[in-house]
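What follows is a group of structures, each given as structure tokens.
One chain, chain A, links the two complexes that follow: it is found with chain B in the first and with chain C in the second.
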Partner chain A sequence: MNRREFLQLTGAAAAGGALSSCTINPEKLIPLLVPPEDGSIPGVADYYASICRQCPAGCGIIVRVSEGRANKIEGNPLHPVNKGKLCARGQAALQALYHPDRIRQPLKRTGVRGSGEFSPVSWEEGLSLLAEKLKGMKTAGARKGMIFFTPELQGTILQLVKAFTEHFNGMHVPYESLSLESHRKASVDVYGRYELPDYDIGSAQYIISFGADFLETFVSPVRYGDAYGRMRRARPTVRGLFTYAGPRMSMTAASADSWLPVKTGKEGILAAGMAGVILDEELYDGPALNIYGLNVSELKAAMADYPLKRVAEETGLTERDIFSASRDFARLRPSIAIAGDTVAHQTNGIDSIKAVHLLNLLTGNFGKQGGVRFSPKDLKQTASSYSKLLDTIDDMSGGSVRVALFHGVDPVYALPKTSGFEKALGKVPFIASFSSFQCDTTRQADLILPDHTDLESWGEVIPSIGGDIGVVGTVQPVVRPVHNTLAFPDALLSLVKTEGGKVPGISAYGDYPAVLKEHIRQASGHKPGADFERVWTKTLQRGGIFKEDSKPVKSINRSGKFIFTVPRKAVFSGDEKQFPFHLHIYPSAIMFDGRSAHLPWLQETPDPMTTAVWGTWLEINPKTAGSLGITHGDLVEVESPAGSIRVPVVIYPAIRSEVMAMPLGQGHRNFGRYAAGRGVNPLDLLETVVDKENRLPALGATRVRIKRISKKGGLITAGHPDGSYRGELLEI
Partner chain B sequence: MKHKRIIIISALFFAAASGLLFIYSFEAIFYFTVPVVERSPEQPIAFSHKKHAGKYSINCLYCHRYANISKVAGVPDMELCVSCHRFIARKKPGIKKLIGYWERKEPVPWIKVHDLPDFTYFPHNTHLRAGVYCDSCHGDVTTMDRIERVSRISMRWCLDCHRERDVSIDCLQCHF
Partner chain C sequence: MSKSKSNYKWGMVIDLDRCTGCSACVVACQAENNVPVVGEERSAEGRMLHWLRIERYWDGEYPHVRARFIPVLCQQCDNAPCEPVCPVYASYQTPEGLNGQVYNRCVGTRYCANNCPWSVRVFNFHEPEWPKPLNDQLNPDVTVRSKGVMEKCTFCIQRINRGKMKAKEEGRLVRDDEIQPACAQTCPPGAIIFGNMADKGSFVFRLSRSSRRFRLLEDLGTEPVVIYLKGGGREGA
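For the complex of A and B:
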């Protein structure tokens, strides 16, 4: 090649490059074949009211839909629970709909169990396969042949699941990993009410929270967050005061006026001690106590062994702090004492909650504005039961269970490893799951019949607490199903139908949307016909039936007497000498109990206190860390009697020196690409049952020891450990 | 000295003028720089605006029916085309092609001539309401057999018009 040829060639190449950069890749303008029937206009968004189902709170949402694609979720201003507000988990629910790892069609297992090898089948094939298994079981006539695991359900779905399990001789086991079982049990003993109490935080003057993170995760955080704002700022002359008692400062505690760093498991004793002060100082509401059926001398007798000095010693607080908190609580009425998750998950949880409720009774705060309230109707929801769940493990390993069905729960992840749930499940001949994602339990399934996600389905949600509000929220599909999925209730109905069976009170209406419509008609009290059609449309537009009932329950109707005893000593798994630290497992404000871990928006949302993202961490007091030679970001091994895990360390000044805290929610083995293998599951450190008498989950009843492994913990935080991340943002 | 100053001033003036000329010529040579394939690409069906909008004076909004109520003008749905052409001019090759698409339940993959980047918010309805009618940007389509882009759709071109009409030129007016 001579020089001339070379120049010619390069010239031609350059010209070719220039030309090819001009030839654009034209965008296409694809018309619709027929215009949309509902009259929606391209480019103009539609808004649909529905209910958020990321946690049991049941907040109302409004979903923005453009050209048939949902693209934003906001709070519904008409809904009395959240009044237009929405938390991060609610906002992120959108990502479940378009998640790349959703199960897109029915799947049948082809490889060995747990290998994740599935092949697609048609819906007819999938449903008939399950129907066949169920049919065989019914003719065998064996009791408990089938177990149906679900979360706590309400309304028509509950009716349907119950009828379904009865039809097939099965057993329905509702389960929530952040169980409110202890709260319900305490509530029955103190107030004679099965439902959870609602706290009128917005009108209170003084609040003391015993480990209740009501601004993050506790029962209805958006509702309480709004109420908290009103308590602090909405009244011209009163700014409500807030004290938090617990071994770790949570985000809720960080919003308080004072923090009482009480020892783990001693929260109930603190509450009892405060009651003692109120009794001694005669700051109680005497007439109210008579109405509640409480006797001052009996209460004083119960407190005889616990003078203030002993309470201060046991709780690790000063007498002065306890005294002033008690005095403020009794004087600044209306005042509220709330017991939360971390208290409930101790072995003395029920007693502690009762002691906290005693404070509410002493100051006469029951049924009052700014106090503890119950709705007129005792909502008998199916509560989850831990011991019932543990019984199923024995049933499954005993071989009497032949079919296990799962919808919306992941017990393989949510139960401690020591429970042996996974092993027992392996003995069940046939497992079917209705999950939209391959969670740890669904991975074990033989057949997956994927449900729609929340934004594609019909349903109804009664909020977990409503107090004085009679609310039924309606869930409606905001988009057409993205994949080849089938609504869970319709799958159940068709299974019963193939059996030739009928669900009493439900089958007559045909498919599930019709069932729901009929149920809403009954709830709204309208006659069928054109009149109701209008009401139905309006109900869907508004997002539910919101009857504001302003008459809360004033009197306590309990069957027996409320006998108060000072909470007994909490029991811990692990010897104090071998395992010197308390493990404090708390529900994450971002991940809740782990059900939201598959959403990348939430994975990259910084934890409000540590700014950590994309993983699990262990919070250690700087003094303890110093004595152990551990620094921020180190990898440590946390060991308990039940097992050990490795996590990075966050140096966290706002925690007691003998306590180490870990958030719940990560450490899924499967659950889509964003959650699988990320972080660790602190439940692996727990023993299934710590206290043999009370078979309750004990997230807080474990002792641990730690060992430094290396410098590289792989901790990712949004802020700098030594300073405020806000400060860094300002420098930009 | 005076002479020198005049020279400087005139030189500056000349520089400014040539600069302006350069910018405007840049605008003017749009026709030469943008190739025909981009300015007026061949469409899958040789639809004539000259015939529909010109000869038969069909209102723009008859087909582009969302222009006055939505941010998008809306390309007519296939049913609308077929509703007339099931009966009109059925023998013509273009219409045969159209019916072919319709029977196969396929949309016609029209090639976009007027395109804005995704980071720009341009509502058609707001412009119509302000009296900026279709021809201000799209030109006189009644004379076009094949649709052709007559304006250089650039930010400066937008801003010129906004300034001329004393409309907001705040960034967030179009980019948010």
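For the complex of A and C:
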């Protein structure tokens, strides 16, 4: 026996011994002598269902928790919105919980406002300080002395915030920086529905998107991402087709089969022109038009001044491209036309969205599988109103506002500088914020009462689009609070209680989790008792109440008639001669509107189109850049009638020559170490109101001029700009 | 090809017709595998540590321009160029067809990264930083690497092992779809499919036989197990 044989034999014997002992199935050699108090077992992970709140889409999540620490967020496969999937922002949400710059306890301002000098106070002290300021508000007479700024809320939290503001004679101002107001207004006019339409992309044969970046930021990107995959490859014989119309090729547009680089503000004209082609070619669904109360000759008359030739001229496209897109749209049914943020944020936004919806009506795609759908119940959410928000600025500078409260919004960052919000806020005697981070607004606060982060809170989320599904997602704490924070609803309840007041329908249940439980009980239709306890546990385990309702709304129930007109001409701030370029501001695929900029994983995730990290940039067409003597990475000054900023340049091959694009998301002055002082905020270039008539926000209605400053723009990209032109990869 | 007797041969299919470039996989991978961020300055030096990246390619000129995305991760080659060059056997072929990387063997010569045609190996030039309490998010199943160590995609080996252990306890083989790496699990359009190529009935094997298949830098003959599917066309395939 040589050495090798000996080793083999002994090895086999040892392995055999090990194997035979395995079959006895040793359960637990040493049971835990002192089991952990929270019931967790070391080395064994627990999974909790909750809801992601990085954007209003309301995707279901499952959080993996090991020994009391949250380690990983996954999509909840049971949740009908995202079906187990999650986007980059959802994946990164974990870092908000363990962020090193979270506000760890209540803080009171000690230095001058905005200096960032705070000292810790106890919760009793903090709450009583705010209670003192709110005292007497009730008797302050007719004038609203308190304003409460929040994002769009729903359910119990909305009830609570409303009751709270009423109790203290205040005003609740909900606000979303990517406002869906124009979409809602158009939806009411066309469909008689207040809620946003849901699009059944997965079953469609043809999709045309007018600036709707539904794979990255628009309304519910994970839901639509999943549907997009199915549209392409889930059917054995059909590969759905996709066309994108917009002045800049977005990440969503990169996936399209064809891109129509339509001029800024002319998207609605394009949609109207396509409707004209469908009418002329008689490709419309006649019976459907009757049901929708539309008349072919009236529609034709409305389009009389816009023959295809004129549409092509105005939009900057070829007649052939418009014609073939119209024909594909009408023939490859079911088809969907979607209008998105960059269309809505023009001064003719509402008109344009209506023109896009007309396409859906013409081909009878309403209420169909693979078409435009609404849920049976019209969800009357409290929508934000830009106009109302602007009014508060006047109120604040007028001195009638004595207390301003903020939760979950950062208007100092998210409103154009020209709005004067920050200055007006300076006139408010007392500012309190419930934020978990020192965002630009919270920095101005006199008192910070930090809320738990999403993974430590109770709550409920109704997804921003329901479509054919009835969903209430439940938010539950997955870990114990990391810091000395207090749940925001409980802080409100305690403030009302200190005043000796009661919130009708809420105070009776005690703390907020009990309120939520009661609300879910009512929504589930169960009687209180052991039976409901089981349902409640089950609901939390599943992550909400999901009632799949496959009965879409078939009829349009609007009060008046939908009178179609060709969209008006878009108005722009800035003279065309002085400011030759359009500024195209879009929500970042990675940072969204900026609310996720504090998360380091996202800061270092390359932007899909430019591969840029840790900053902002300006996208310029190569020919334009060449004529201006600008190259990749140069620092330029972008100037608009409202202001100027300096930003590095990315040479971007897929943008119109007269358009320059910038992502939202960076340019926070504060907001933790990873976001503070990084990049610039393109909102600094905007006028507050361009659309005087509707008083709606218009991110895309500004003209700019640019000037090269130096070659040191500080641009960082993950990919090499020259290495990315690879003709041989065209086939994919 | 390896002469492994294992029941498993892990493989992946990435359908580029579904991929939208959204980068959810990039962040999911970081979160699952304790991949740190390196910060602005070191990003500029090209020292980002992503195990999975989205390559974006431009083609053509305005207005006939196209952008295409390709998620690139370790191709887990059968004839891996990274393996034979390691002087300390830190990179090796596992019996299940993965290109393993033994962190505590690695001495940081970076020969493997130099030899990788896809540039998917990343090196810790600096000690990773997890400012407290950010370290609480770390996945306890995955080693936190230190300065001087090469790291790379493992197909989420910790998930593979967990799945195999569970299957073994129940006296069966791993079921199709039972194990998913973080990237495949989160991918919204379902572009990334992972599974056992040794099982001819598995979804990933059937997809890998598609007429749309190709492999990145296939002509190098390294036999990657990551199969890409082309997109485009007016009909389904």
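Methods note: the second predicted complex is superposed on the first by the 687 of 732 C-alpha atoms of A that agree within 3 Å, B and C clash if a C-alpha of one lies under 4 Å from a C-alpha of the other, contacts with A are read in each partner's own complex, and residues count from 1 in each chain.
Going forward, contacts are C-beta pairs under 8 Å (C-beta built on N, C-alpha and C of every residue); 3 or more make two chains touch, one makes a residue touch a chain.
Just so it is clear, the model here is predicted, and its values are computed rather than measured.
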item: Partner chain in contact with A:Gly229 - chain B first, chain C second, else both or neither; value: second
item: Which superposed partner A:Ala288 touches (first chain B, second chain C, both, neither); value: neither
item: First (chain B), second (chain C), both or neither touched by A:Ile709; value: neither
item: Comparison of chain B and chain C by chain A residues contacted; value: C
item: Chain B versus chain C as contact partner of A:Ala92, first or second or both or neither; value: second
item: Which of chain B and chain C A:Ala718 touches, first, second, both or neither; value: second
item: Touching partner for A:Val44 - first (chain B), second (chain C), both, neither; value: first
item: Which of chain B and chain C A:Lys623 touches, first, second, both or neither; value: second
item: First, second, both or neither for A:Ile73, with chain B first and chain C second; value: second
item: Shared chain A surface residues [contacts with chain B and with chain C]; value: 43
item: List of chain A residues in touch with chain C within their complex; value: 43, 66-67, 69-75, 82, 84-92, 94-95, 97-100, 215-216, 221-222, 225-226, 228-230, 232-233, 235-239, 241, 249, 251-252, 254-255, 257, 259, 261, 482, 589-590, 600-606, 608-609, 611, 613-615, 621-623, 653-657, 673, 678, 716, 718-719, 724-727, 729-732
item: Contact set on chain B toward chain A in their complex; value: 35, 37-38, 41, 66, 69-72, 74-80, 102, 105, 107-112, 115
item: Chain A to chain B touching residues, read off their complex; value: 22-24, 26-35, 41-44
item: Contact set on chain C toward chain A in their complex; value: 15-24, 26-28, 30-32, 37-40, 43-44, 48, 50, 53-63, 65-70, 131-140, 182, 185-191, 214, 228, 230-237
